[in-house]
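The structures considered in this document are given below.
What follows is chain A paired twice: with chain B in the first complex and chain C in the second.
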Partner chain A sequence: MLLDLLQNTIDGAAAGASYALLAVGFTLIFGVLRRVNLSYGPAVMIGCYAATWLHLNFQSGLIVLALAAVAGTVLAGAYVERLCFAPHRSGSAIAAMVASFALWMQFEELATLVLPRHVYAFPLLHEGAPVEFLGLSLRPDALAVLGVAAILCALLQGLLHRTRFGLAVRATIENPHAASLAGIDPGRIFVLIFALASAIGGIAGFLIVATHGQVTPMLGMWATLKGLLAMMLGGLGSLRGAIVGALVLGQIEAHSQWFLGPQWRDLVAYLLLFALLAANPSWMTRWTISRSAS
Partner chain B sequence: MAPLLEVRDLVTAYGKIEALRGVSLAVQEGSITCLLGPNGAGKTTLMFSIAGILRPRRGSIRLGARDITGRAPHVIVAAGIALVPENRLVFANMSVLENLRAGAYQRRGGAEIESDIERLMLRFPRLRERAAQNAGTLSGGEQQMLAVARALMSRPRLLLMDEPSLGLAPLVVEEIFRIIAELHRDGTTILLVEQNAHLALQVAQHFYLIEQGKVSFSGSPGALAEDEVIRRAYLGSAAR
Partner chain C sequence: MDDFTLGLLTNVGLFSFLALSAYLLLLAGEMSFGQQAFFGVGAYAGGILTTLYGVPLPLAALAAMGLGALAAFLVGLPTLRLKGLYFAMATLAAAEIARLLFELLHFQREIEGELAGPDGTQGFRGIRWIFEQGIEAQEFLLLTYALLALVLAALLLVERSRLGVTLRSVGEDPELAAALGVNVNRFKLGVAASAGALAALGGVLFAHHNTFIEPRNFDIMLGVHSLAYALIGGLGTALGPLLGVALDIGVLEGSRIFGGARMIVFGGLVAVLLVLRPRGLLDEALVHCITSRALQRR
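So, the complex of A and B:
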């Protein structure tokens, strides 16, 4: 029993780590642009499809596939930014969101046109059996995901709080007008943040498909849902909150799957979000990324 | 002597409504020039047009020899104009120190920036006390000082100040004006929008009265018409 709990916690942490990267990407875009980008997950899916295509046609190594996933996601992200967000920068947030939904559909169509089968195998990060340790089974690839996520989050924290670029990003998040009066070009910051968030999404996507061993067009919706859910659980708009929200989401899923069965897995997470909002309606409006490190 | 700032026939509109209807003015290097006029006369619109937040429809704005009409705000900061906006707009969730560093965003050379911060902390001792605090926790007067200090961090050739006394207690207003006088003594060129015409005319060398989007009167304080100017600055000519 205790061992099961422990095992669930470890599995949940690994899943939570990959959700954390998705949630961090979402939060960066939301924090800077104050816009929800529904195409974030589908752009990640395009990156993973680019990697899959390379794998199928050239049997490229994992490093190349990871780079392809990042490059594909950043390209798809740039397309989304130009079409959905650049034209609506000072205009309607709803228009930008609806436009990003339209691109989501485009991305799914594109993916199924290029690779029409529903499922493609993706090379695993680590082949072979999990390591047995004190009765627990530890998957080396899951540990790698945890490690990469932790390093990326730490780097991002450093970038935002210790560099000139980070200062400009946080100033822009606080108030784009005031930032431009300080000599910062908010338009440039928007584009760079979009690229950064997409690159993080690409890494997340690669890690996810390389641990699951498969790619489907459903990855886009899946990534958008997990990222949004984790971001909302964490209180919308704070990076630390998004990371905590993602880790909590991983735990809820792992434990509810074990105790209640797989069909309860997602439901419990949504119920928790519902309960959180019902109990504390201001939950999503109290945080911001720009806060000083203290 | 050619003026540092020269605005010519400037027209800025919000949709169909022209808030500025052909404003011309000049600011001499090293002077304090103030803009007076009733609410809604177009003073803030003029400041926003000069700072690049609003794009003028017609006319030109020159800083020294350079035409900066319609350029983006960050380009205008780089050209040498810094605006202290009306509601201060400090970065509330960032520390006082970070606010100052953000003001120097266009500049290179960390050592020089740090020594400028050190100098501003001497001028604004309250900011030193609160250096690590988030700007949002500062009082209104302290935020105003931070906004001025942040603008100075870009080492502007021209400082635009929009209603620096707005909503502040009389003692704090006095302090702000003492700082304005100090900046002037050190050679900073200032274009000041101020509701408190009495105070403004005490520090300014030149003033423009703006009414309904146009310059209706200009001159130097101390001239005969001063009482009339002050009356119109508060009430507008419609109250005549």
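So, the complex of A and C:
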């Protein structure tokens, strides 16, 4: 029993780590642009489809596939930024969100046009059986995901709080107009943050499909929902909050699946989100990226 | 009319109810990602009543609308005071909870030697009231559009009345509306309940038109679509959402010229359109311009 609990916690942490990367990318865009990008997950899916296409046609190695996933996601992200967010920068947030939904439709159709089957196999990060340790089964690839997520989050924290670029980003979040008076070009920051968030999404996507071993067109909706859910669970627009929210989400899913059954896994997560929002705890509305420094 | 056109036109009508439901809440200043839940509640409730209990469709529709209104009221009670994205996410969570509960719903009975009723993820087969009554597809189409016309007439009347002014003022500036003596929270609850009933009515018709429903019919895709319909068509008049639905289902499903790349064309079109007209085709300015000109001529 205790062993099961521990095993679930480990599995949940591995899932939570991949959610954390998705949520961090989502939060970067939301925190800086104050816009919800529904196309975030679908852009990640495009990156993964680019990698799958390379895998099918050229049997490329894992490193090439990872690079392709990142490049594909960044390209798709750039397209989303140009068409949905650049034109609505000072305008309607809702229009930007609906436009990003329209591009989601495009991405899904594009993916199924290029690779029409419902499921494609993707090479695994680690072939073979999990390592047995004190009665627990540890998957090396899941541990790798945990490690990569931790390193990336630390790097991002450093980038935002230790560099001039990070300072410019935080200044833009605080007040874009004042930032532009100080010589910062908010438009440039928006584009760079979009690219950064997309690159993180691409890495997340690659890690997710390389541990699951398959790619489907549902990946887009799945990634958007998990990213949104983790971001909301951890407050809104705070990087630390997003990471905490993602880890909590991973734990909730793993444990509710074990105790209540697979059908309850998502239900419990949504019930918790609904209850949190209905209770409207003030910490959910107070956190922002810049304040997470303190 | 061939079957394809008939089905297409019926679908335009059915999803218009959902688009109008999202539109109603948008007017009150709330963006709901969860209207598909009430569409689903209507579909399941209506289907269960006619198929398992032999209730006539009109009565079942009324009951389903009541249930949809009640569900929307209960969801709105703790969430309507939330702002913007928080409300959107709370309604999204509620709708996903509803969809996952449909997946857990097993309620089958033997009807004429066959098992009927909702069977979790396997869906709900055999909602055959329409066929048992010998109602033709054309008649059902007429029924759908008659109901839609009724709803539309009511909405257009409301928009011209004091109630409509209150509705838009609550959406534009809730503090000002409150200062003018409107109980904003109670008003929004009323709007949410009406929007829930409207979505449920669409759901009942959807279930009986399709004869088969399954939980994933009512996923987040449907919800975002209904929002998009209202926003593409425009928030200036209740005709806006209908234009949005007609554009999507009618023109794009109907025209097969783009072949497999249909959604790519449509998605691009919508994104560009939103750059040019962020509040939709029939936005408030255009509607105002048209109505004032029409008044001048008189």
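Note that the second predicted complex is superposed on the first by the 288 of 294 C-alpha atoms of A that agree within 3 Å, B and C clash if a C-alpha of one lies under 4 Å from a C-alpha of the other, contacts with A are read in each partner's own complex, and residues count from 1 in each chain.
Everything that follows uses one rule, which is that contacts are C-beta pairs under 8 Å (C-beta built on N, C-alpha and C of every residue); 3 or more make two chains touch, one makes a residue touch a chain.
These numbers come from a predicted model, not from an experiment.
In the superposition on chain A, A:125 makes contact with neither chain B nor chain C. Legend: residue contacts after superposition of the two complexes on their common chain; A:145 is shown touching neither chain B nor chain C.
In the superposed model, C is the one of chain B and chain C that contacts more residues of chain A.
In the superposition on chain A, contact is made by A:36 with chain C only, not with chain B. In the overlay built on the shared chain, the residue A:106 is in contact with chain C alone; chain B does not reach it. In the superposed model, A:164 makes contact with chain B only, not with chain C. With both structures placed on the common chain, the touch criterion links A:23 to neither chain B nor chain C. Within the superposed three-chain model, A:180 lies in touch with chain B and out of touch with chain C [touch as defined at top].
Put simply, chain A uses no single residue to touch chain B in one complex and chain C in the other.
For chain A in complex with chain B, the touching residues are 164, 167-168, 170-171, 174-175, 177-185, 288, 290-292.
Listed in rising order, the residues of chain C touching chain A in the complex are 31, 78-79, 81-82, 84-86, 89-90, 92-94, 96-97, 100-101, 103-104, 220-221, 224, 227-228, 231-232, 260-264, 266-272, 274-275, 278-279.
Partner chain A is touched in their complex by these residues of chain B: 51-53, 72-74, 77-78, 82-83, 85, 89-95, 98, 101-103, 105-106, 134, 150-151, 154. The part of chain A that touches chain C in the complex is made up of residues 36, 38, 83-84, 87-88, 91-96, 98-99, 101-106, 108-110, 113, 221, 225, 228, 232, 236, 263, 266-267, 270-271, 273-274, 277-278, 280, 284-285.
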